[in-house]
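Each chain carries a letter (A, B and C) given by its place in the written order, and its residues are counted from 1.
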Amino acid sequence: MAVIKLENVRKVFGDAVIIPGADLEIRDGEFIVFVGPSGCGKSTLLRLIAGLEDMTSGVIKIDGRDVTEVAPAGRELSMVFQSYALYPHMSVRKNIAFPLMMAKMPEDQIKAKVEGAAAKLNLTQYLDRKPGQLSGGQRQRVAIGRAIVRQPKAFLFDEPLSNLDAALRVNMRVEIMQMHQDMKATMVYVTHDQVEAMTMADRIVVLDRGNIQQVGSPLDLYNKPDTLFVAGFIGSPKMNFITGAIAEKHKAATIGVRPEHIDVVSGKGEWQGKILLTEHLGSDSFLHVEAGDAGRLVVRAPGEFSGKPNDKISLKPDPARIHKFDAQGLAIRSK
Amino acid sequence: MAIKQSRNKTIFLTIVAWAIGIIMFFPIFWTAVAAFKTESDAYSLPQNWLSTPWTLENFAIVQERSDYIRYIFNTTVIVVLSTLLGLVFAIPAAWSMAFAPNPEPRKPTNAKTWLTMIFGALVICFLGLYFTDWKPVNFFVGLALLLIFVVPASLWAWNQNTSGTLLWMLSTKMMPPAGALIPIYLIFNRNGLIFKDWGWINLSHFTLMDSFWGMVPLMTLLNLPIIIWMLFTYFKEIPVGILEAARMDGASLWNELYRVLTPMALPGIASTCLLNLILSWNEAFWSLNLTNKFAAPLSFFISEYSSPEGQFWAKLSAASIMAIAPILVVGWFSQKQLVRGLTFGAVK
Amino acid sequence: MATKQALVLGKWALLPSVAVLAAWSFVPLALTIYFAFLRYNLQDPENTGWAGFSNFYYFFKDPYFWKDLLNTILLVAGTIVTTVVGGVLLALLLDQKFWGRGIVRLLVIAPFFIMPTVSALVWKNLIMHPVFGLFAGIQRFFGSHQPIDWFGKFPLFSVGMVVSWQWLPYAALILLTALQSLDEEQKDAAAMDGTSTLNYFRYILLPHLARPITVVILIETIFLLNIFAEIKVTSVGGFAGNLTYLVFSQLNDATDVGMAAAGGLIAVVLANIVSAFLVRMVGKNLEA
């Protein structure tokens, strides 16, 4: 449907540099996720694409057309807001119809389209209710319905699931992914939740303090993080970072090993440690280990691990899975 | 409070509170009683308010003698039109301040300054001619005064940041009417000077004094700062995301304002209208000074009873009840929403 | 953070309101300043020209000016003290639980909605009349043969009484609203801490009410400086007139535009001193 291209997009507000300069090409039909901690500029970047905020400099192109100076209404994008932003005084039907009414579509076509969208989203029986009478999940569906009726060039999602409870969030996640597969539409999705990013995205854009740290597929980011920040942000529990003498042995300022890439071994492993506490998840157990020079490590043990606090254990990292970083926090890759 | 109150305390509080409530309300009650008494009975009210007969004759007499219907019609016209006119000005202004706030004062560009200066000069010429009957000396004094004072001040007010504009609007409400009375009175009083027979349209009988053309805009100006402030505080409570959603959905500013913002802010707009209704209904200073017959509102109607001719108490009471009853009911219904307007949003 | 387009639209959406308010507040003021320095009497059209400061000079020399200035201050101060003290007590009472609270609230708030001309005439004639008034009736009931002629003997006090009656509900309503915004949990916490009623009032309620009380004082000051109808319709302008009334009578009775304008300017200066505080006060709340 649309290619969105950001060329050296900069946003400065007063003295605060929010986005120092971003280049990005969002491919046609791609599901791209902006992820990062709060305040990293991911929402601002999305709002710049939407036209809800001005860029300080730079160019945004949608399908080759320069839309830098175009008002939001002229960009033909749809957006789903974190707060849903439904019109509280209009019925669900009117809410979904609103963009079509603004586009001056004939009455009967509007009706057909609204009903089509409602059927797709299981909203048919709620069409005459007001948003205030709906549950959070239903409101979310209305917001999505309002976004899809217009057949926009691309969909923008601004943390759409963060107001839902955990169970509903998982459901909606699947529904949005299904929608993407059915519609083959370009979707830009903002979230602070790296699990959401990993599960949904074709490509992920990791942002930190307005800088694009890395762009890549979920597994790329997981396996080959470019920076210390990406390495720490993607993956749960967080990657263990070790500095000092152990890192120097690997000719790096910092090395990182994911909890799942450290094995508990009997006999002499690479690191010796003492269990501080254990989190049991059923399928796995997370051990927090005080490991001498290596510092405090989190280790993922499969199944129900039987060790108790203060037990001594030996640990062995998978050598192929050790990530090395230089003093600037950039990855060192041996060719 | 979650703590349960003892029964004795409740009884005590009930008695005290009702006593105070009745004392506060008593003058109104007393007026209502007198309104239903004959004129001679009204004078001995304290002694025998229960024993004397009740009558409706005063209301008929008041209508016959001073044409109550006309005054209430005048009041309604002034109040309703000025409120609507106020909304026309205030909704865009409040939208602007709530959703597109100006973070820092603008510096007016030169071209704009000059345009405004020229516009200002035209206004001045008009006023100068108006006040001086073509006397050039006074005219130039007026010109200098406006160029030096009024035009820069207006530009300054327009280019303030949003909180500055709001405070300035508030401060216009604080200007005592005594400071504006003299020029307004003179402008209203001038007949046949600017409003003359121009051939294609004859305005020689037109005057602002005692006319709706004068009173409606005046009442709007008096309350505009309060209307804007109150609307602003209500608009601020509407999540900006909804307006952004409308923008994303392709709505123009007009549609954003009138299809999304206005319907959502309707309760707030209604309370604003009610407050404005009460304030203009009870306005007395300008009504007493600038009207006397044709466009006179109820404030003036009542003041006619200040110089008694013969027996008049029962009629005064009947007239008073008729003048206050409508607005008292409105006030009672809207008391909770009024607080914010009555404190310029400082207490909600 | 609005976009440039929104800011530009916003600027023009604001212009009509700013323009009319600027015209309303600056043009009359400029003309008043201008007139204050002119010899300009409507009944003496031959006598024109610059007056210099003589309008102000005569205004300050006029014994009425000093009396009316004092009246203005007394009326404002007296009414404010009465309504704020009464308003706090009334608000505390109305915040309690008792039977018929809603109705009592309506009774108490009613005077605020009464137009000034009505309340003035009703109080003057039906309540405080020396012969037929309610107060006179009460005095006679207690055996007095010469009831007090309130508006005749104590005109300023009587006007103050009427004005206080009108403004007490205002103070009570604002303070009651403020009281009801007090956090329930804070009340409960104070109860758990074993706070005595007096200490509760002193350390929790009064600090909470400090800001609304200031707002009430300042807003009442603005309105009370401009009391006019109550004085005019009770015909006590000669004895209990305030500055506003003096300006009116200079214009209306003496037809001296120059003098009236000088008086108007003095009233403006007085009001500006007060409003400077109010603007700063409300300005602080703007950020929140």
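Simple rule for what comes next: a residue touches a chain if its C-beta (ideal position, glycine included) is under 8 Å from a C-beta of that chain, and two chains touch if they have at least 3 such contacts.
Being a predicted model, the structure only gives us computed values, none of them experimental.
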item	value
Overall pattern in which the protein chains touch one another (line/ring/star/complete/other)	complete
Which of A-C and B-C has more C-beta contact pairs	B-C
Distance between chain centroids, defined by C-alpha means - subunit A, subunit B (Å)	54
Inter-centroid spacing, subunit C versus subunit B (mean Cα positions, whole Å)	16
Length of the line joining the C-alpha centres of subunit A and subunit C, rounded to whole Å	59
Contacts with 2+ other chains: residues of subunit B	none
Where subunit A touches two or more other chains, by residue	52, 71
Subunit C partner contacts - residues on subunit A that touch it in the complex	13, 51-54, 71
For the subunit A and subunit B complex, residues of the former touching the latter	50, 52, 71-73, 77-79, 81-83, 85-89, 98-99, 102-103, 146, 150
For the subunit B and subunit A complex, residues of the former touching the latter	239, 241-242, 244-252, 255, 260, 263-264, 266
Interface residues, subunit C side, partner subunit B - complex	2, 6-7, 9-11, 13-35, 90, 93-94, 96-101, 103-119, 121-123, 125-127, 132-134, 136-138, 140-141, 165, 168-170, 173-174, 177-178, 181, 184, 187-188, 191, 211-212, 215-216, 219, 222, 225-226, 228-229, 232-235, 243-244, 247-248, 251, 257, 260-261, 263-265, 267-268, 270-272, 274-275, 278-279, 281-283, 285-287
Subunit A contact footprint on subunit C (complex, rising order)	1, 3-5
